[in-house]
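For reference, the structures are reproduced in the following blocks.
Both complexes below contain chain A, partnered by chain B and then by chain C.
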Partner chain A sequence: MSKRENLLNKKLKVINIGIETFVQDLKRQGVEVVHVDWRPPAGGDVEILKLLDKLEEGVDSPERDCSKRLASKQ
Partner chain B sequence: MFEEASQQAIEKIKSAQPVLVNLKPAGKVIPRMNKNTILQAGPPIEWERMCGPLRGAVYGALMYEELAATPEEAEELIKNDEILFAPCHEHDSVGPMAGVISASMPVFVVKNKEHGNFSHCSMNEGLGRVLRFGAYSEEVIRHLKWMEMELGPSLELAIKRSGGINLKTIISQALHMGDECHNRNVAATCLFEREIMPYLIEANLETRVTSRIAKFLAENDHFFLNLSMAACKAMMDVAHGIENCTLITAMSRNGTEFGIRVSGLGDQWFTASAPTAKGLYFPGYGPADANPDLGDSSITETRGIGGFAMAAAPALVKFVGGTPADAVNYTKEMMNITVTKDYSFTIPSLNFEGIPIGIDVVKVLNTGILPIINTGIAHKKPNKGQIGAGIVRAPMECFKKALKALVEKA
Partner chain C sequence: MVVRVIVRKNTYRDSVTLMKISNEASRLDGVSQAAVIMATPTNKQLLKDVKLLTDEAEKASPNDLIIALDAQNEEIMKSAISEVDRLLSARETAETEVLPKTLDSALRLMPDANLVMISVPGDFAKREALKALRKGLNVFLFSSNVPVEQELELKKISREEGLLMMGPDCGTAIINNIVLGFGNVVSQGSIGIVSASGTGLQQVSTLIHERGLGISQAIGTGGNDLSGTVGGIMMIEGIKLLEEDEKTQAIVLISKPPDPKIGEKVLEVASRCKKPVVVNFIGGEIDVIRKGGCVAATILEDAARIVCALVQGKKPEKTIFTIPKKRITSIANTESSKLSRMQKYIRGLFSGGTLCYETLVILAPLIGNVRSNTPLKPDYKLEDVNASKKHTCVDMGSEEFTVGRPHPMIDFTLRKRRIIQEAKDPETAVVLLDVVLGYGAHQNPAAELVPSIAEAKTAAEQSGRFLSVVASVVGTPEDPQDLRKQKRKLEEVGVIVMPSNAQAARIAALVVTRGAVEEKLFG
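And then the complex of A and B:
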């Protein structure tokens, strides 16, 4: 059995990141779910993400790592 | 580099001691203020772009100063460049809503005893049809004259006799009594009255004068707002002008634009269109009547009270909308965009957690969480007054512009 099939055959425990309406849908189906309130840094504005990286060079922060990853995907 | 600058700013803000020391006509105490100066809330703005309530308050102020007899005469003066407009913030001052201050208006003088700087704010006129919401009828002007001729000089005597009233202590206590000291000032006003009243009685004024003043204070739950604003201004100004500091030292609105100032970026304003508050309206009014947000009163949120301390004031949701749970969530949410907590001001319902202070431009942009402000809503037309109260968020665009300036400067 693949890992994916194995996952769907077990009781699901979900961590939802971002859009909160998914949480309500899952709750209605009796799925155990935890919501993480997260928004893309700078609303996903690539120019601002690059500026943030420039300003924060040398400063370690999880947000900065995330914004770098987002900027590199654009 | 940025962290050290933030720490320096935070230490200054926390150690500030705002004390009410005087009450004088604006022309005598506010720097660079003369008979033709009109101070206004928010970032700089020229007459052509001013919103209805700000224009109404300017008409009222010029008629109150007897520089004009009618709004038409006031416009004539303005068009002949005889009136100099400037933001209160650039004159060590703050004003609620339209924030209009003219030379004869009595203003509170607050001294930060720790660092020696001063701030000023007009006196609160009460609610409804008042100058700060753009009303300028005869009744409004008559009330302002009473404040100038009787209330101001009497309270000045009492303040002087008191030797100074510590506003930080009052705000701290009021947060334990259900206020957040922006849109709810019931407890803080009572505490202030408790402090001032013995000195007002000692001033030995005519009984009917003392009685009128006592009645006015007792009927105005918002009287302390202007003192709260002046206290916050005195506390925040000491954090302004620190090299490499990315913290916000002022958020303010003129009804057309929302502006922020950043400690490390000098006196530059970073602006965007002013948003309109979502909230509760007085009977007969709705969102279509509302002017975009205005006032310097968001200096309270900049200091970490007001909307940032809404968890302390669950009853306020009956005035601005939402539920007590929302109020708690606003305070918790603001902890994501501030650099620390200030235990000089604690919130009982959060197990005496300190208020969130030090709004960081970088944190706002990284998280996408915008500062929350609770606010009064003015009618968009002049001479109408207040029509409701609600909640508003600072616009993202201001923070983006500030970030660009920070990167250019770094």
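And then the complex of A and C:
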């Protein structure tokens, strides 16, 4: 069963990032929800953020490749 | 008068929260204007336009908050500032002691989370969605203004990982009977929906509910899913998912006309589906859909009607109005008999983009092409979105109206102003409106609209005219706003409230043509 199908058969457990009123709407429907107190990263400077993302990708990718390889062996 | 612009460093709040605070502050006695906004480049430009951009505000970053107030005197100003500060510190999530700052820390609080709802500004949306997908979480991405290339990247990953990637620009979904974003309280049932249109999904699901049936799952794909670039990835995955879902007996697909090649691709998958699929590419080529072996519906109400009949094992009947013809013609005649000769045009003011588009599709064969900011044919594009010309339908949820302010389903300011503007035009015969209820939408849309509609009707009357106002309400009696109450409030000020957007468009055509389209409609 894929994670997608799994979602349809499971109780929703939601993390909300952004508009806070969605939290109330979900709670009213009995959904467990955690709200993230999000704010624009890099002081909201999109150009700096692009550079940060590039850096992060560089750092991240060997790990991701590794975890993919591990997953494919299982 | 005292005017003050204050910058609160490192104070971020989302646009909906800030709109609510701005509205509350504007209502304070002695305060003539209030704006509580993030210091984004767009918002700073707005302040500059009204000459309120101080040096300090200009230097502020998108992480800083700007409070701009115009008050009668210093004392009122002081109390207004402290009220805004109080509202800013009163969080919706007040009972949670410490809020996590990132997805990672949220996951520590909820390790078994299975869905992330993201509604941050478009520039930051992909970043957050990507993090969620990489953590193996399904995503509902409400944010708009995300480039299609980024959408494609996200959807490719979600497909590989077997995750849902609803959006960007996904207004609504119903997963396991839970409404995400803007959506209505509908019964659980056996009809599955995959929709590239938020209000389209809302209209079809509420009409299914009204017919006594229900929704198994309603998956939103976001408005660009069926574009040439994105290639219908989420709609195709959605069809496959609902095909395997035991609770789903029949499937409805909803979208504005897709990119032709992508439309074909989607139809190919749909035609191989073991369950019946009703396809509603609003105003799209019916023959193409039928040739693909699917059931075609031209408009949203037809999609609901046909899929209900399929599930019930009945033959779908053609319906123009669900109210008897005699009653319809009587209502239309009463309205049109009060119009003056000069009053010739329909002015549609919509909060739902798809509802606006569907209206254009319905009106074109009845009264000819209608001008719009989202016209069926490029020749009919409005030169100025703020000035109607002949028959006009405006999608007030589109970008030109929403930069720097929330969606018209929440913030009625512009629509109310436009209703009055249309009423003052001696050529306006009918003002046509959609009212959308449900989670996410305004708590009481009728209460917002009624004073402006009454004012518009009075303005017309004072100039010796009668203004006809026709509306449809998309919602259910179970919605937080209660469909019946909303309908009653509108009817009290003389609004003709119809059971669907399509029927509202048709009766508006009957009124404006003084019944001349009766034969075209009823055959």
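Quick note on the criterion: the second predicted complex is superposed on the first by the 40 of 74 C-alpha atoms of A that agree within 3 Å, B and C clash if a C-alpha of one lies under 4 Å from a C-alpha of the other, contacts with A are read in each partner's own complex, and residues count from 1 in each chain.
The definition used in the following text is that contacts are C-beta pairs under 8 Å (C-beta built on N, C-alpha and C of every residue); 3 or more make two chains touch, one makes a residue touch a chain.
Not measured: the values here are computed from a predicted model.
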Now for A:Lys54: first (chain B), second (chain C), both, or neither, which partner does it touch? first
With both complexes superposed on chain A, which partner does A:Asp45 reach: first (chain B), second (chain C), both or neither? both
Looking at A:Asp25, would you say it contacts chain B, chain C, both, or neither? Reply first, second, both or neither. second
Do chain B and chain C touch any of the same residues on chain A, and if so, which? 39-41, 43, 45, 64
State the interface residues of chain A toward chain C in the complex, per the touch definition above. 2-8, 10-26, 28-29, 31-32, 34-41, 43-46, 49, 53, 64
Of all residues in chain A, those that touch chain B in their complex: 39-43, 45, 48, 51-52, 54-56, 59, 61, 63-64, 67
Which residues of chain B touch chain A in their complex? 2-3, 362, 365-369, 396, 400, 403-404, 406-407, 410
Would you mind writing out the residues of chain C in touch with chain A in their complex? 10, 12-17, 40, 61-63, 91-93, 96, 99-103, 105-107, 109-110, 112-121, 123-124, 127-128, 132, 134, 136-138, 142-143, 161-164, 175-176, 178-181, 217, 237, 241, 244-245, 439-440, 480
